[in-house]
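Two complexes come next, and they have one chain in common, subunit A, joined by subunit B in the first and subunit C in the second.
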Partner chain A sequence: MLDVIEPIVFGLLSLMILGSGLGVVLSGRITTSALLMAFTFLNMAGMFVLLGAETIAAFQILIYVGAITVLILYGVMFTPQAPRAYGLFFQKQTPAGAVLAALAALPVMAVGFAFRDSGTLPPRGGDLRPLATSVFTDFAFPFEVASVLLLAAMVGAIVLVKRDR
Partner chain B sequence: MTSLVPLGAFIAISAALFFIGVAGVLVRRNAVVILMCVELMLNAANLAFVAFSRRLGLLDERGSVFVVFVFVVAASEVAVGLAIVLAAYRNRPTVDVDQVHEMKG
Partner chain C sequence: MAPGPFGIDPLIWAALRLIIAVALAIGLIMGGSLLLIYLERKIQAVMQDRIGPYHVGPFGLLQTFADALKLIAKEDLRASQTDAAFFIAAPALVFSPMLASLVVLPFAPPIVGADLNIGLLYLTTLGSMGVLGIVIAGWASNNKYSLMGGLRSAGQLISYEVPQILSLVTAVLVIGSLSMVKITESQPGPITNFFVIPLAFVTYFIAALAETNRTPFDLPEAESELVAGYLTEYSGMRWGTMLALTEYGNVTIVCGIMSAVWFGGWNGPGVDTVPILGLIWFTLKTYAFILVFMWVRATLPRLRIDQLMSFCWKILIPTTLLDLSATAVLLIAFPGTLVPVAIANWILLGAFVVGLPMLQQRRLRHIRERLRARTLGAVAAS
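So, the complex of A and B:
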């Protein structure tokens, strides 16, 4: 019974991820794009739970669905989004860009399907403890550098949008 | 206990979402939508990281640690990116990347 549920959940999640991802690219209204992006991130969190990475799923919801979507919606709010013809939403090189992306995508996806894993699931008990051990021992220095990067990004964003007085 | 969903399926979904993001960056002309598509690409890479980390059995939790760093980079990228879009919009009232060409040689 449990063996049947997992592929069904995977199929539903991937359908919604790819569908809402396409919606982000193809939607004419930018607010729709932003909310569909949040929906993609939410389904991606479900995918992480399916893989047994519950902590990453929680981070995903906190950071992507919570913070980044709100930031993007602020960006939408502060820039004008006048209604206009659907053709004007796309750049002038649309056919070339689409062909280029498809050409690059096909070999990568073929390689992706070729991967075979051992078929065994990792031991239960959540991923918080090994993740935290890794972050604060082997990756302690990159962790500190990441905090410097966040500080630099925050200062940079404030300086960029500050009005000259 | 075995899993019925193979690793290749996760990698294929990740690749598909990544190239949806690539197509969006190449095709759309609104700068805010381009930022959204970059976020989709980063998240697709996250899925590949977590899938390899959980299923390949060799890397213990290191793939997930990289996902945490990708979160950090994504958050800073979208903050600085939106600040640049807003600064460019203040100098010249457009968010179309086709019309922002002051630095074109």
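So, the complex of A and C:
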């Protein structure tokens, strides 16, 4: 029974990811784009759940929907809304864009189809422990380096915006 | 897949089960909100030496039903310059994560929607999604006060999420599981997690007050400065969904988390023999916390936005970080026993309770001295 439902859910999720992703790029208003991006992230989380990686799905929503999209919306709302040509933000170079997208899609598709019949999925909902071991044991050093990098970026941003009193 | 009762086909039963569960959840939220609004008014009235609602029905019990009917029957109003799609989407964006949280709440041993092994993470995840709806509501109203109110509320929610999650992480370190059922089952005796990690409970309680927009953190109700925050342009059932249903639903969920994580959830006398009794214990514990929320609302004044933010970032987050690292170190240093963790936590709680007023007094003295110096300087210059 699950074999019937899974492809249907997968199809629905991929349709929504592709549709909202296209909406992010094509919509003429930046708020719509931001909201649709949140929707894309939500559907990506659905994909992770489908793969049995619930923890990653939860972190996807927690970080991307709950924090990053809100941060982007903050950025949008604090930007002065002077009347200006929105063409600067949304370039309408449809043919060139389509060609570039197709070129970028080819290697992705090649990699994607290479995975077609490989490997078996681990049991559902058991990804918490493997995730923890890989982050805090196997890849502890790269993980820490990445956090130091983020910290440096944050300190840099504070220094940049801090004015002399 | 398990076959359904009465010989129903499992495929139909799966869908039917979902519909029944969602209907029950919506009913629970609606009924709970009606009851909680009545309780809120009545308890505040008692505390302020008034009578409260008493005209409609016995003891005024039907007052909130009348209010809800009025809200539902109200005209579906939308100002012409608002952003239609976002304006309509915002209440749903705020309401649906709250509704989805009910899936993992452990009401009683036989009544758990789904025992996810990441239950607590799932709850915090859904809690963080409501922010999006609030920002969108402020933006779509096309009104300066709404936008400012929405951004303020979002900033408040994002900031207080940090101590909230850190307190929960401290609890998870002690318990060793994220599943709500396992968390509840891990504290069968009278010694619940509260006695082991009281400081995490206190910080979570404060953060939860802010997360659910309750006094002393209820900025949308600061009418003198923000009109009604992101709610300004909303009326009728959209307002009802955003404010009444979501606020009281969130209060219920947060109090449910507190009772499950720190006070043993459904555990209580007689649960082992009659499992359904757990529902009563869980409800009693949850409503006890809700009553404390109302007590706080009737007692404390409201904080200003800068005080609110500096309290979170300068006091609450360092405290929770300290608590988290102390708990982690002690758990690794003394495996198999929780006594050192409990001692350290009680000491830290004492320091927090005593140190907070002292810090505040020092700050006030500092501000007064600076003010006096400035006035003296001005006098000397003139």
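In the analysis below, the second predicted complex is superposed on the first by the 130 of 165 C-alpha atoms of A that agree within 3 Å, B and C clash if a C-alpha of one lies under 4 Å from a C-alpha of the other, contacts with A are read in each partner's own complex, and residues count from 1 in each chain.
Just so we're on the same page, contacts are C-beta pairs under 8 Å (C-beta built on N, C-alpha and C of every residue); 3 or more make two chains touch, one makes a residue touch a chain.
Since we're looking at a predicted model, the values are computed, not measured.
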After the subunit A overlay, clash or fit between subunit B and subunit C?
fit
Between subunit B and subunit C, whom does A:97 touch in the aligned arrangement: first, second, both, or neither?
first
Contacts for A:31 in the overlay, against subunit B (first) and subunit C (second): which applies, first, second, both or neither?
second
Based on the superposed arrangement, let me know which partner A:67 touches: subunit B (first), subunit C (second), both, or neither?
both
Decide which partner touches more residues of subunit A, taking subunit B and subunit C as the two options.
B
When the two structures are overlaid on chain A, which partner does A:55 contact: first (subunit B), second (subunit C), both, or neither?
both
Applying the touch criterion given at the start, work out whether A:39 contacts subunit B, subunit C, both or neither, answering first, second, both or neither.
neither
Determine, under the contact definition given at the top, whether A:77 touches first (subunit B), second (subunit C), both, or neither.
second
Subunit C versus subunit B - closest C-alpha approach in the superposed model, Å
13
Per the definitions at the top, what is the overlap between the subunit A residues touching subunit B and those touching subunit C?
55, 59, 67, 74
Once bound in the complex, which stretches of subunit B touch subunit A?
1-24, 26-33, 35-37, 39-40, 43, 46-47, 50-51, 53-57, 60-62, 64-65, 67-69, 71-80, 82-87, 89, 93, 95, 97-98
Parts of subunit C lying in touch with subunit A, wherever the complex brings them together
1, 10-11, 83, 86, 89, 116-118, 121-122, 124-126, 128-129, 131-132, 135-136, 139, 147, 151, 154, 158, 161, 178
In their shared complex, subunit C is touched by residues of subunit A numbered 1-2, 31, 35, 38, 54-55, 58-59, 61-62, 65-67, 69-70, 73-74, 77, 125-126, 128
Where on subunit A does subunit B make contact in their complex?
3-4, 6-7, 10, 14, 17-18, 21-22, 24-25, 30, 33-34, 37, 40-41, 44, 47-48, 50-53, 55-56, 59-60, 63-64, 67-68, 71-72, 74-76, 78-80, 88-94, 97-98, 100-102, 104-105, 108-109, 112-122, 127, 130-131, 133-135, 138-139, 142, 146, 149-150, 152-154, 156-158, 160-161
